[in-house]
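Take a look at the structure below.
Chains here go by letter, A, B, C and D, matching the order in which they are written, and residues are numbered from 1 within each.
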Amino acid sequence: MPTAQLPLDHACLIVHGTDSPGIVAAVSALITRQGANIVQFDQYSDNPAGGAYFQRVVFHRPGLREALPAIEADLDETLGTGFDLRWSITDQSVPKRMAILASKQDHCLLDLLWRHRRGELPVEIPVVISNHTDAAADVEGFGIPFVHVPSVAGPDKSASEARILAVLADADADFVVLARYMQILSGEFLERVGVPVINIHHSFLPAFIGAQPYRQAKARGVKLIGATSHYVTTDLDEGPIIEQDIVRVTHAQTAADLERRGADVERAVLSRAVLWHAQDRVIRHGNHTIVF
Amino acid sequence: MPTAQLPLDHACLIVHGTDSPGIVAAVSALITRQGANIVQFDQYSDNPAGGAYFQRVVFHRPGLREALPAIEADLDETLGTGFDLRWSITDQSVPKRMAILASKQDHCLLDLLWRHRRGELPVEIPVVISNHTDAAADVEGFGIPFVHVPSVAGPDKSASEARILAVLADADADFVVLARYMQILSGEFLERVGVPVINIHHSFLPAFIGAQPYRQAKARGVKLIGATSHYVTTDLDEGPIIEQDIVRVTHAQTAADLERRGADVERAVLSRAVLWHAQDRVIRHGNHTIVF
Amino acid sequence: MPTAQLPLDHACLIVHGTDSPGIVAAVSALITRQGANIVQFDQYSDNPAGGAYFQRVVFHRPGLREALPAIEADLDETLGTGFDLRWSITDQSVPKRMAILASKQDHCLLDLLWRHRRGELPVEIPVVISNHTDAAADVEGFGIPFVHVPSVAGPDKSASEARILAVLADADADFVVLARYMQILSGEFLERVGVPVINIHHSFLPAFIGAQPYRQAKARGVKLIGATSHYVTTDLDEGPIIEQDIVRVTHAQTAADLERRGADVERAVLSRAVLWHAQDRVIRHGNHTIVF
Amino acid sequence: MPTAQLPLDHACLIVHGTDSPGIVAAVSALITRQGANIVQFDQYSDNPAGGAYFQRVVFHRPGLREALPAIEADLDETLGTGFDLRWSITDQSVPKRMAILASKQDHCLLDLLWRHRRGELPVEIPVVISNHTDAAADVEGFGIPFVHVPSVAGPDKSASEARILAVLADADADFVVLARYMQILSGEFLERVGVPVINIHHSFLPAFIGAQPYRQAKARGVKLIGATSHYVTTDLDEGPIIEQDIVRVTHAQTAADLERRGADVERAVLSRAVLWHAQDRVIRHGNHTIVF
C-alpha cells in the first residue's frame, strides 16, 4: 500500500501544560544531550504569566528508534519535576493508521484516497467503513479494504456501532475520519472508540448548525458558504475546530449549486485538517485547537 | 463638497416583480423607442416558470433630464398592463444623499469619508450624526456637518431618536449608514425613517449574532472571522445581507487582535455595500438581496 | 457513460460584434416571437459608444430541437442587416465532447473524470490521450477510452501530433483540455485541430512564464502561488486567460511543498474554466475573455 | 504624539546565521539564566543539515532596560564561540521611528497615519516627506511634521535626494516607507540611507514589473490583481518580498476600476508589511524574507 515518504530518524515531541519559566531551556537542553538536532520548533503560550503552554518540536536523531526509550526516560525525569506538563513523542517514520467512515457522498472519501495514493498524507488507511455499498468498488480499486456496516433503523444504533468499533479495533486505527458520514455517533461510541475522531461539517460553524446547512444558507441569503473540520465531541457540531474555509456565492446560485460548490471546500478543508492531525500539528485544549 | 464624477445622461432602471415571457423584449423596445442605448443589462429570475423577476438596465439617453417624464410615462403604460412588475428609475448624474450614524469607533466612518473625498462613492454626505463627540473634528475636517445627538440612558430612546429623525429629514437623506453605530434603533424609528438603513455587523452572520462577536469568536475557536453588511430590519442582525467577507485568524490572536483585524474587514465590506447600494445594484426581495 | 443532467428545451445564444443601439431589443423581440422565454440574460459592452458588444442569452423554448432551424433563420435575418454581429446558438441538452490530453501528473485529469462522473460537468469525454501509460487503468476504470500516444524524441513532433489529431477527429471532440500535458503543441497542430484548446498553467500568469514555475516562485520568494487556465495560442503561455486563483505560502515551504499545494489550485482553476467553457459562458475577444 | 501601547520589559531577540546543533539550547539557557521568561519562540532552518538558521524570541524580563547590557554581553559570549551567528535585540517598549515618503496618491499614506493614530502600529512617525504639497494639511492634521522636497527635473536627482537624506537624518529614522512614492531612488541614495526602505508595488510581483501595472494587467486580461510590499534594493521591483495579496477582477472593470480596487489591496498589504517589520518579525536572507 502506498504511503508518503516519511522522514527517517525524526521525532515529533509535543509538550502541553502550565506555562512557567525554563521550559524551552529544559526541553532544548534535553534534546542536545540526547544527541539530537532541532529541525523545527513551535511554541505558544496563551498567557505567559502562568497560562497554558504548548510546544511542538521536530528533531533529528540518528538511530532514533533505538534511542527512543532513553529519550522518553529523560523526558519523564526532566519534565516530571518542577513543571506541570504532559508530553508525547512520535517517530515520524511510522505512519498513523487512519480509518475512514463514509456514506453515500463520496467526494471527501475519494479526495483522501487520492491524496494518500499521491503520497500527500503521512498515513496508512487500514479500512474504509460505510453504511452504503456505493463506494465499495472505488475503495477496493485503491487497494484498501472496504467494510459495509448498514445503519440500523430506529434510535438504537448500538448494534451497528458495536460492529464499527470491532472493525476499528481490528484495523488498529490511530484516528478516525468522518468523510461526510451521515450517522450521528452516540456518546457511548465516542467514549469507547478511544482515538480522535475528525469530522467535516458542511458549513462555516457556528453558522448553520444541524441538518441541511446549504439549504439554511440559501434561506438566509448569505454571500459566502463554508466548511469546518473539527474533532467530534458529544456536543454535536460543537467540538474543537481544526480548520475552516469559505467560498463566495451569489443570489443566482441554487441550494444545489451551493452544495456542489461547497463540496470542493469540504474536501479541501478536511484534507488539510487530516494532514495537520497526522503530522501532530494540532493540540486540543478545552474546546480549542492550537495548530502549529 | 467633492463627489465622484457621475455619468451624465445615464439612467438606471430597476424592474422587479413576477416573471413572465416578454419582459426583456418590452423593456428593451421601450428603451430603443425612447432614443436610448443600453450600456449594461443584468437580469435574474429565481424561477423562470413564474418566479420572481429582477432586472437592472443602465442606458444612455442624450438630454436625459428632459426626456425622463416621457420615459416614465412609457414605463407606466408598457409595464402597467399584462405584467405584475414594479419599476424605479434614477438619473445617475444625481448623487444619492447618504447620512451616516456613528459612535466611538471611527474606522468605518473615516473610511467612508475618505472614499467619498477620493471620488469613489457616488454620493453626497449631508450629515454625520454621532452619540459621541470624538469624531467631530475629523468629520468637519472633511467639510461635512457633524451633529451630536447624545444617547439617552434607559430603555426609552424616543427623544434621541426623534432628534435623529429630524436631522435626517433636514438633511433630506436618501439612505442611512450605520458605521458601527452602537445603539439599537427601535422599530418605530425604522418605520418612520422612510429610507433604507444599512448596517455593518462585526461577524460573519448568522454566526455570532448579538453583542461582542469577536469575543464570541475567540471563545468558539474559529479559524476565520468576518463582517456582514445588511439592511436593517426590526429583527436585529437578521436583515437582508448585502455583502460579507472574512479573514483568517489563528489561535495566537487575542480577542483584541481579532477586533483589530476585523476592523479592516468591516470597513471593506461596508464600503462595498454602500457603493453597490448607491449604484442601485442591490434589489431587496423578502429577506434576500439580488446584487447585480 | 454518465453525464450531467442537461436542461431540455434550453438554448444558449451568444451574440458578439460591434456595439450599436437596439441590439438587446432586436434579440429579445426575436426570442419572444419565436415562442421562447428568457431564463438568463448577460450583456457587456467594452465601450457603449461603438466598442465591442457581447451577449449571452439562455432561453426556454418548448420543442427546441424542432424550432431551431426557424430560430436560426430568424437570427440570420434579424442580425444580418444593420448590425455588425456574429452569433452562435447551442442546444443545452447536447453535451459538448471534451477530449483530454495528459502526461504523468494525474491530479487535473482525475479531478475532471471524477467531476464528470458526479454530473458536475455538462460534457461527454470520448477519449483521454496521454504520452504516458500510467493513468490508463484509472481512466478505463471511469469507463473512458484511453489512447497512448508516446512522445517522439527530438524537435519534430509531427508524427505524434498527427496521431493525436487523428484520435481527436475520431472522437469528434468539440474542445480539448490539456490536463498538465507536458508537451508543447506546434503552431501547425493548433491550426489543424480546429477546436478550442484549454490549458492549465501552474503559475499566476504572467508571472513565471515557462518551465518549472514553482521552482521560479520559490527562488523569487513570493508569498502567494497560483494557477492560470487559458486558451492555447501559438504564443506559449500568452493565450486568453479564462480563470486564475492563488493560495498563500510561506518561507517554510519548499519548492516541492509549493508544487503539492499548487496542485489543488490547478485542479480547481481548470475545472472552473472547463465548466464555464462547456456552458458557453466564455467569449474570446482578442487576447481577452469575457466570462458571463 | 499617539502611539500603540507597547509592552514593557519585553525584548525581541533575532538570531540568524548557519544552522548547527545546540542553538536553541544555548539561547534558551541564556534567557533562563538572565532571569527572563520566553513569551514567543519562532525558529526556522532552511536545511537542518547545515543551512541557514533563523530565530525570533520574545521574552519578558522585569527591569529589562537595566538588564540589557548584561544580556548583550552574555549573547556576545554565548553565541560568539562555536557558532556562526549574528544577533540583534530590541526593547519592545521603544517604538521604531518610521519616516514616510509619499507623492500625490494619498491612500497608503493616510492609511498608515490612521492606523498609527488608532494605536495599531508600534512606531513613531517623525516626518512625512513628499514631492507634492497635496497631503500637507492632512499630515499636519495628524500632528505629524510634513516636509516638501520637490522633485528635480532631469536625471540628476542628487540635490533632492541629498535633501531627503538630511531630513531623514534629522528625523533619526529607523526605517523608511515609500507610500506610493513615485520617484525612483538612486543606488547612491539607498547606500547612504543606512536603514531599511519598504516599498509597495501595485502589482502581484513578479508580474507587471515597471510602470503602470494596472494598465498592463488590463491589457493582459488577468482575473486577479495584486500588490506587493518589498524591501527596496538597487534592482528595481526585485527586492525581497515581505507580503502580497490579491483581489478578483472581471472583464467588466476598466483600468481605472482596477486602480481603484487595487488601492485597497495596496494599503492593506503595505500596512501588514510595516507592522511586521516594526515588530521585528521579518528577517532578510539573500533576496528572500522569513516572516515569523
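Operating definition for what follows: contacts are C-beta pairs under 8 Å (C-beta built on N, C-alpha and C of every residue); 3 or more make two chains touch, one makes a residue touch a chain.
Small disclaimer: the values here were computed from a predicted structure and weren't measured.
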Intersection of the contact lists for chain A and chain D: B, C
Chain pair with the higher count of C-beta pairs in contact (B-D, B-C): B-C
Most widely separated chain from chain D, with each centre as the mean of CA atoms: C
Approximate Å spacing (C-alpha centroids) for the pair chain A, chain B: 42
Distance between chain centroids, defined by C-alpha means - chain B, chain D (Å): 37
Touching two or more other chains - residue numbers and ranges from chain A: 44
Of chain A, residues touching chain D in the complex: 21-25, 28-29, 31-32, 36-45, 48, 60
Residue ranges of chain C touching chain A (in the complex, touch as defined): 107, 110, 114, 118, 120, 141, 260, 264, 268
Touch list for chain B against partner chain A, complex: 44, 46, 204-208, 220-224, 226, 240-246, 250-252, 287-291
